[in-house]
Amino acid sequence: MQTTILLITLVLMAGVLTLILRTVRATDGPAPSQTVNRTRSWLIWAMIAGGVIISVASLREWPHADAGGDALVVNVTSGQWWWDTDTTEIPLGQQVEFRVTTEDVNHGLGIYDPDMRLVAQVQAMPEYINKLVHTFDEPGTYQILCMEFCGIAHHDMTYEFDVVEAN
Amino acid sequence: MIRHLIPTSVAVCLGVAALWQATDGLRAITAEGARRVQVADNPQPVSQVMLETMQGDWRALHGPSPTLVEFIYTTCPTICQASGGDFAELRDHLSQAGLSVPMYSISFDPEVDDLSALQSYGELHTATGAPWTIARPVPADLPQLLKTFQVTVIPDGWGGYEHNIAVLLIDAQGRFAGAFDTRAFDDIRDAVEAAL
Amino acid sequence: MIRLASAAAAFLAACLAQPWVAGDPVVHVLVQFPLLAAAGYLLAIGQRVPPSLTGPLLVVALTTAAIWMLPRSVDAALADTGWHLAKFVTLPLGFGAPLALCWPTIGPILRGFLKAQSVSMLLFLGFLYTHAPVRICNSYLVDDQVRLGLGFVWAALALTAIWMIPVLFGRMPEIAKEERYEFSRHG
Amino acid sequence: MTTASIGNETAIASTQAPVVKLTMLLSGVVFLLMMVFGLIMRAAQGGLIELDPEFFYLLLTAHGAGMVGSAALSGAAILWYFSARYLDLRGGIYLGFLGLFLLGVVLILGSIFVGGYGGAWTFLFPLPALSGGLWEAGAAVAFCLGYVAIGVGFLLYYLELGLKISARYRGLLGGLGWRYLFGGSDADLPPPTIIAASSVLVFNTIGIVFGAAVLAASIVNLLFPSFAVDPLLAKNAIYFFGHVFINATIYMAITAVYEILPTYTGRPWKTTRVFVGAWAAVVIFVQAVYFHHLLQDVNMPAWTLAVGQIVSYASGIPLIGVTVFSLAVYIKGSGLKWDLPVSLLTLGVIGWGVGVIPAIVDGMVAVNKLMHNTQWVPGHFHTYLLLGEVAMAFGFAAWLVRDAARQTMSGLDKLVFRAYVLGGAGFTLIFLWSGASSIPRRWAVHYEDWQFQSQLASVFALVVILATTVLVLRYAIGLLRRSP
């Protein structure tokens, strides 16, 4: 997923860059034609239209969806500088609702798969319970890393749990 | 320029001094904070009163050992119930540290809180009478008691009251010498040890 | 004459509010305090003082305001007779009047700064009173504390509107003064 | 007004020039120093040097606060310099601003390197109060007071601008160009610089007033710990203030492009309806978009997160559709001769325009779930700061000391410019790549698998630093040469 995001971003960046550079480097070429204002309006309207499509497509299904009725609830507490969960074994393919909080400062719950790829995250906040719904479809040992700067041992704030196949 | 600067500087110094004074040296901005800072600096003598305990006997508020006090009313739906639980935890905390000092939960609503109300409050929060008991003063003593401990009680409009809750320490000399958060167990233990 | 009469009226209104201040912090802090300040302001407005007093007067006004912003002062005004009387003296004479005396000689930048600062402080008080996990005033209920906090936020918004509208449309008195200068320079 | 002003900077701006030049030197030196801090952090993450984590996080805090500060300082210097072409700004106010700014810097540096405050530039509540024993509350208070001093300085600065604009252009609405936009009359239409100045002063004053309230609350919390604020409310307020403040830096610096580019192209940067509309949108968007910092705070109302995503995207429209597009149109076929100042200024606009793309991508709720607080985030903001605001600042500085007689780039200029672009692009692309590799940001110690990227980034950082050193030296020498 991240690779796709990176590639799309790089393509867009390269595209915009090429377009600008082509015009900017043409200092000795012809001046912009009289239709340039129409081009600008077209560009702005195209960006607005694109924005509407992207927004609707990406938000129609709300990314922070609620859990279904049979989700497994896992309570996660944290503090400077530790994580603690109800269970360290989570069944494969089972929808899980993490209920995340902290006893002191803000932390960030980042769930990393066995290949150390971030699969989901949510903030851990004092006085609040943040819910993160995720279904694991790969078995193995997962790690929790802290994503929100929380003091001197921020980088040591890690934790492990296993995703196991249900019998 | 100097003519303008000097009076202004003098005024600034006086202003800062006034603010310093008004906040007890940047230590308290609320009345509750001020109470805690002031009694810690300047213990206030507490006039002796008799309390009727939930067991039905009469005891003097302060004696030769330090005493811990909190104010409650038994019909309180929420916050004093929580502080009752905190007082129980405090008792356990102190007894683990080998400290046994009299602890009173004093009702500021003695007309409504009769003996059976005190008893059921005590039962609910596991107060056994020693070292912690629930008690009520004679109504005539109450205003003086609240004034000494700077407890403000106001009706909440629902038949109950709101008041500034804290654990209050009377030292061995019979002086009001400390006010603490109900959950500041370590601070209270240190203060009791120092007052022994 | 009208000035003195309205000052007296404001003071009287503040006194008449007294029966309600013990029960409602909004009346106390957001009605009675401003009325007392207004009484002092009206009393002193238009009077001239030597420019060397501008600084000290402003400092006196700010110090008085700061002290009355402390929650413990609000409590003390209800619980302690000395503070109770001090409220009726210091808010008009220590805040309203000095402010009225020094305001005309304060430059536009300092005025703008003081206005921005007061909005900021009101928002901060709003923060504090709506979200403090403890009771800030012993004399008031938690619900009233929250209402007072919201009152501070509304006051901040109202002041912002009152002060910003002339800036948006360019009809501030101090601007009108400088405008002549501006046009002579660039015209 | 717009056309008449081209090239007459000597007349009006001259009284402000010495302090502005000094400010640019100061910002340049701080930029350089903070880049060195950045390199040290990247090298430590790459395992190239040994660094105590505590010191790493002090550097992290200093780097953040220092970079935001010097970006703000250089942006403010640029805006002041060019606004003085149209307004009779008082130098005393600028000196007051600079003095308060330096006081703030002293307090912040003291709190970090003497007091040991390492709670990051965002002072995210309640971290400043809960250091785990590393720093005392006093250090965090000093840090907050440093911000307050800088905020007060900026408030004075914006008040002066606001008063003068309001007087000269019949109210701020006139200065914003909204009379023209909504009323249709183009009498006394302000030049682009004034539109930008009005817009920035409106949203940044709001940000500062809010910031002051948050800082006061933080200070009270530090001194009286029982006064806690709601953590979610505090987070909102902090990100609102921080977002608006850092955005303001670049919106101030862009005025250098509006004012300098026309002297190269011979085409004045015009105040058009689209231009005024774009800035009107910016005033709204900059304040509404901060929600995109809270996309992982699922307790926020859902609509705020949707607003965060949609406005993130929408913010790109005035930037790419108006600013970048206009730059291209003004340059195309103008016969412009490239020298170092105009190259850096153009780079600044392009870096900003391109850097906004990864920001928009990360502003999507679904993407944010995978990219938030990874190195993707420094990836996008380094693109539009290092290759955007900072490039504009160095472009402006180079223009201040340009040699009017020569119209081309020397060999050294070319080398420096290319090194800056390549080093900067490499450095930022590695951040994006690292973000896509799920490497978290703000980690003092990196796992072995992550170290290669940090090592590579260190090399690029070194290139940027070398190029920047030459830029700063070149500017300093230019100042000396031109001084009598």
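Per-chain residue numbering starts at 1, and chain names A, B, C and D are given in the order in which the chains are listed.
One rule holds for everything that comes next: a residue touches a chain if its C-beta (ideal position, glycine included) is under 8 Å from a C-beta of that chain, and two chains touch if they have at least 3 such contacts.
Fair warning: this is a prediction, and the values are worked out from it, not measured in the lab.
By number of C-beta pairs in contact, A-D leads when A-D and C-D are compared.
Distance between chain A and chain D, defined via averaged C-alpha coordinates, is recorded as 25 Å.
Centres computed as Cα averages put chain A at a distance of 47 Å from chain C.
Here the spacing of chain A and chain B, counted between their Cα centres, is 50 Å. With each centre defined as the average position of its C-alpha atoms, the distance from chain C to chain D rounds to 36 Å.
Residue positions 28-29, 33 of chain B each touch two or more of the other chains. Contact with two or more other chains is made by residues 220, 226, 230 of chain D.
Here, these are the chain pairs in contact: A-D, B-C, B-D, C-D.
Looking at the complex, you find that chain B touches chain C at residues 3-5, 7-8, 10-12, 14-15, 18-19, 22-23, 28-34, 152, 154, 156-157, 162-164.
Residue ranges on chain C touching chain D, taken from their complex, read 108-109, 112-113, 116-117, 119-121, 123-124, 126-128, 131-134, 166-172, 174-175, 178-179, 181-182, 185-186. Touching chain D in their complex are the following residues of chain A: 1-3, 5-6, 8-10, 12-13, 16-17, 19-21, 23-24, 26-32, 36, 40, 43-44, 47-48, 51, 54-55, 58-59, 62-64, 80-81, 104-106, 108, 110, 112, 116-123, 125-132, 145-156.
Chain B meets chain D in the complex at residues 26, 28-29, 33, 181.
Listing the residues of chain D that touch chain B in their complex gives 220, 223-224, 226.
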